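Chain naming follows the written order as A, B, C and D, and within any one chain the residues start at number 1.
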Amino acid sequence: MEAFLNQLPIGLSIGAVLLLIALGLTFTFGQMGVINMAHGEFIMAGAYTAYLLQDLTGRMAVIVALPVAFLVAGLMGLILERAAIRHFYGRPLDTLLLTWGVSLVLQQLARDLFGAPNVQVQAPTWLQGGIASLPYNRLFIFGLAVATVIGIWAYMNRTGAGRRMQAVMQNRQLAAVSGINTARVDQRTFFIGSGLAGVAGVALTLIGPVGPALGTYYIVDAFLVVVAGGLGQLRGAVIAAAGLGLLNSYAEFWSDASLAKVIVFAAIIAFLQFRPQGLFVLRSRALT
Amino acid sequence: MNLTRLKGPGLFAAVAVLALVVAPLVLEPFRLGLLAKYLCFAIVALGIGLAWGQGGMLVLGQGVFFGLGGYAMGMHLKLVDAQGDLPDFMIWSGVEQLPALWKPFANPVFALAMVVLGPMLIAAVLGLLVFRQRVRGAYFAILTQALAAAFVILLVGRQGLTGGTNGLTNFFDLFGQDLAADSTQRGLYFVVAIVTGLLYLGARQLVGSRFGRLLVAIRDGEDRVRFLGYDPARVKTVVFAISAGMAGLAGALFVPVVGIISPALLGVVPSLELVVAVAVGGRFALAGAILGAVVMGYAKTSFSEQFADGWLYLQGELFILVMTLAPKGILGLAASARDALARRPRRPTAPKPPPTDDASGRRVMEEVG
Amino acid sequence: MRKTAWCSVVAVAALAATLTACGGEAPANKDAAAASGGDGDIKVGILHSLSGTMAISEVTVRDAELLAIEEINAAGGVLGKKLVPVVEDGASDWPTFAEKATKLIRQDKVATTFGGWTSASRKAMLPVFERSKALLWYPVQYEGLESSPYIFYTGATTNQQIIPGLDYLKEQGKKKIFLVGSDYVFPRTANKIIKAYAAANDMEILGEEYTPLGHTEYSTLTNKVLQAKPDAVFNTLNGDSNVAFFKQLNSAGVTAEKMPVLSVSVAEEEVKGIGVDNIAGHPVAWNYYQTTENAANEKFVAAFKAKYGADKVTSDPMEAGYNAVYLWAEAVKKAGSVEVEAVRKAAGGIALDRPEGLVTIDGESQHMYKTARIGVIQPDGLIKEVWNSGEPIKPDPYLKGYPWASGLATG
Amino acid sequence: MSPIIEIRGLSVVFDGFRAIDGIDLTVEEGELRFLIGPNGAGKTTLVDVITGLTRPTTGEVVFDGRSLAGLREHSIVRLGVGRTFQTSVVFEELTVLENLDLAASFRRPLWSLTRRRRGISEAVADALETTGLRELADRPAGVLSHGQRQWLEIGMLLTQSPKLLLLDEPVAGMSKDERERTGELLTSVADDHTVIVIEHDMEFLRRYASQVTVLHEGKVLIEGSVDQVRDDPRVQEVYLGRKRGDAVSTGS
């Protein structure tokens, strides 16, 4: 029973990780229809940022790296958007393949720059230990996820740029004719979406390996969260991440890790039978 | 996209001669075996070309169907080799009795039927489920990708049943022929080449028919097709199942050619690589899919023989370049080059790449009324 | 229209540029191929994953093998001939291993091949070597239950690593064990042996959990382990999963004092990536450590660092790969020929002082006599030996010498 | 004459917005009915509901004596309801002929479509004739002008011999000549089909309409002949007056 109860916070903390890795995608995918397979490598970039900052800041690297990684990954995203993706709007499946190519190059680049073996990022000492079954570093990630969601919410609802972003997401043409510079909004969205990947990467150094393959471990899960949550939907992403986290944690608790993954996949297929567009849908009259 | 049709049967005959006469004479057995392997991938690519290039369904999980076909074949070969005993890997996995799932595969007819029907059935069920709910475009692509990931985990986790990560390997006998013999391998090459050719002709017949037109129409305007009284879900399911069947057949041919089937061949990355190959060859023409698979297969072999580390760079870069500069792939480039050489206004043989999925919805109807 | 044509030209040019650039990067092999033109050379194949997930581990083994070849050549080669390595990439993909093995044997006509890491890659190559009657030297500890006449196994089999590990835990009074492994052949087979051992030795297995390769979410598993309250964990996780597992275990407050985690796939190479903080104090089971004390090892470590960098570490599989080249060369010298059957016949009984101590080839099983060593990970990232088997253990891949294991290998 | 389509108590609510608010509408067989109304009146939504694209919140649509509730789009088409779209959607990669042929083949079983097309069926030939696109039969539809696309769409419908045609703003964005051609096409089609036309263009309305239904804010405002409707003060107010009002309100 105790173990069973313990799974609840564990499930939520898994959900927090899923949310962090998927949040950026929700917006780049939701607003621009870009399926960014290089998102995983932006996460990796965030993790390596923390690794590099260690030389300067020691064990505080994880904290200092949060804003820095946001900028680094965000800039990488911006460059990608400017250099390639903007030519691809309206061809989302092509962006998938394009960004996959980018992700291969970035992986190899990381291997050349940092070496193939994993590197270590030391966690701050005050993150050692925990309450009951929940380590402090999990709580930290949980808090970070909550803070990020609040930040995004505030950005989208309390700033002009955020409102423009929502407008473009809901109706690109209408937004464009209302005088919104959609290209600029796209850039900004891509910057933020990629930056969030960087933040997630920093958080992941606390619990997982930091190496060139880092991104590949998370990308499929991230997309599943987006699919289940609905495009561009903050609340959808939050609920989907929490739901999948809990499902994952209990499925693994009762069976094993392999089966849990299969169960989660089956659940998503079943779920899409009821809600083919994910939890929350932006209503639109668009038709193919 | 009519590039091949323009050149017509002549080109096809030339390629056939090259594949069936020249290649076996010129290539040493090892290289011929590699070519057979590329052609197995080409069959999968053909299915991808049909589903993606013609039908707009980006299938990122063809490895699953390749695997289903491959394992069906592998299970049969293992049972034949075991001669009534348990297959070797079951012994070291601690399985004491042949699992019920394996028993029917001792029958060659059943095994061969399952090679094609198994993948088609699974694709049909999955297709009906998702297409009826109008899951498409990126959603569909991601789901197929997740399917590949889940399938690999399932295969690996059921070691006693599937051989786990090792997969099935160490086959000796193919319908009474010694698999290690060069003559068997040569015969297999001919089988693979002929099957590839036949499937290509079949696929072309399909694409040229009304059904093919309907498929293109669904790719470019699925909802519009609905208002013509067709159910796109059915059409897409049929095509998805056909492409799955092709992948299954390719998997079954791959097993005796290469001598192994394992989860490493079926996951997210190998499935994506095949899509890449189709894009490189030219996704809007079936010939492009085959060409792409052979070219990329060859490139992978020769470049990784030369410089292993660079292969990822090259593959990634190649892909970025193809997507940004030559979305119609090698065939598209060939067509442009031919037109440029001919110095005449381009004929509308290769129209601009159509929107491949629901993005095209954006340009359509907004309510004004 | 014109724009498309222009784009095509750019694309072709860019591709060509890439290919040329790449061509320039690839001299090693071409030189090798050119050099092998002379009659005075012996070509040997080296087949490891240089790309993909396994590259992290296998590249270092390749480096060790190349070092051995270099040293042997510097000492005059074998039978007066120079060894020329032909390096191929298995790309972490088992069928590719089979394909490249075929290429090495049939096209390059190598005298022998050193290669493989995962069991899956070995199983994929096995039919190729058996049917071509060519030799493979496989340098990694594995799950046993195999003895191919065309493979020499220079890593440990189960009775030289798993069973000594269990003996050690038993000696330490750890009776309740939890099994954690990646979901593939080695961990599953190892755990079967462990369960049989436990049944015969009054130990209790509290749980057995597998996670997919590349899995990084270990909080649920940690919870399961903590609830079971074992005395020790026997860890057969592979690769990056170890990083996530140890990080998450450590942050859940598990220490080596309270609950030691004995790993059989964590060597010096991996410690850095896991983070010494997270793993220091936990035991591992191997046959060799960088700190193993003898003259041969001092020479090996120094040579390796000199060639590849002072920050490099040496580990068990690297040492086993390094040994493989020497053992093969010795067998060739004894046979007076590189011919496969002659080398096989000559190999039995060859004994060499290697960095891990005395290594003797068992002619019957083609495995090695090896000394088992348990080490504890130190705060500096190296591993200190705390226990050893005293003398080299005779390899017993089918565990025929262990009555309790009689049910395992029959079938 | 019997009603071909009856709409009873129909409402559609989008996230709290009542796009259609209790519409009752009956169209007799053989009729040519125009639906007009200012922006946001719910005209296209109404067509969407009839054709299954949008599900009604309440009420139902009975076509040819059969409720359409719960039917998918293609099933409704198979019952004999055809529609065009404001922005015409023809298949650009296919030729004009292939577009028409595809529409004409919709009742064939799927497997029979895998045979190659041989020749041109009668229905397709007729449609080519009626729409005047015979010259362009082998050109990809992508090269057609806007007007030609609309005609092609109507032609595609004709090959399916629907019992009811729904045309959504067929002349929007057309040149004067194109409107003329479309008008003629419409007249000839209306001879032997029941047609509902959504239209904005008053000039076009005056020339070709007989029965008109005016929608306003999701409700039926008035139904009658063109003259009746034109002279109705309420229509003038909502239709013309509101436009003036809009200008005022945006100015404030």
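Note that in this section contacts are C-beta pairs under 8 Å (C-beta built on N, C-alpha and C of every residue); 3 or more make two chains touch, one makes a residue touch a chain.
This is a predicted model, so every value here is computed, not measured.
Traced through touching neighbours, the fewest hops from chain C to chain D number 2. The interface with the greater number of C-beta contacts, when A-B is set against B-D, is A-B. For chain C, the chain whose average C-alpha position is most distant is D. Centre-to-centre separation of chain A and chain B, using mean CA positions: 31 Å. For the pair chain B and chain D, the distance between mean C-alpha positions equals 42 Å. Spacing of chain A relative to chain C, judged by their CA centroids, is 35 angstrom. For chain B, the set of residues touching two or more other chains reads 153, 156-157, 221, 223-224, 309, 312-313, 317-318, 363-365, 367.
Contact with two or more other chains is made by residues 111, 256, 258, 261, 287 of chain A.
Multi-chain contact residues, meaning those touching two or more other chains, occur in chain C at positions 183, 210, 212. Taken in their complex, chain B has these residues touching chain A: 52, 58, 126, 129-130, 133-135, 137-139, 141-143, 145-147, 149-150, 153-154, 156-157, 221-224, 268, 272, 275-276, 279, 309, 312-313, 315-320, 323-324, 327, 353, 355-367.
Considering their complex, residues 2-3, 6-7, 10, 13-14, 17, 111, 116-123, 127-130, 133, 135-138, 206-211, 213, 216-218, 248-249, 252-253, 256-258, 260-261 of chain A touch chain C. Partner chain B is touched in their complex by these residues of chain A: 29, 33, 35, 84, 87-94, 96-98, 100-105, 107-108, 111-112, 172-174, 220, 223-224, 226-227, 256, 258-259, 261-262, 265-266, 268-269, 272-273, 276, 285-288.
Chain B makes touch with chain D in their complex at residues 205-206, 208-211, 213-214, 216-217, 220-221, 223-224, 226-232, 234-235, 238, 348, 351, 354, 363-365, 367-369.
On chain C, the positions that touch chain B within their shared complex are 1, 4-5, 7-8, 10-12, 14-15, 18-19, 22-23, 25-26, 29-30, 50-51, 87-89, 91-96, 98-100, 102-103, 106-107, 118-120, 123-124, 126-128, 131, 143, 145-146, 183-185, 188-189, 192, 210, 212-213, 408-411.
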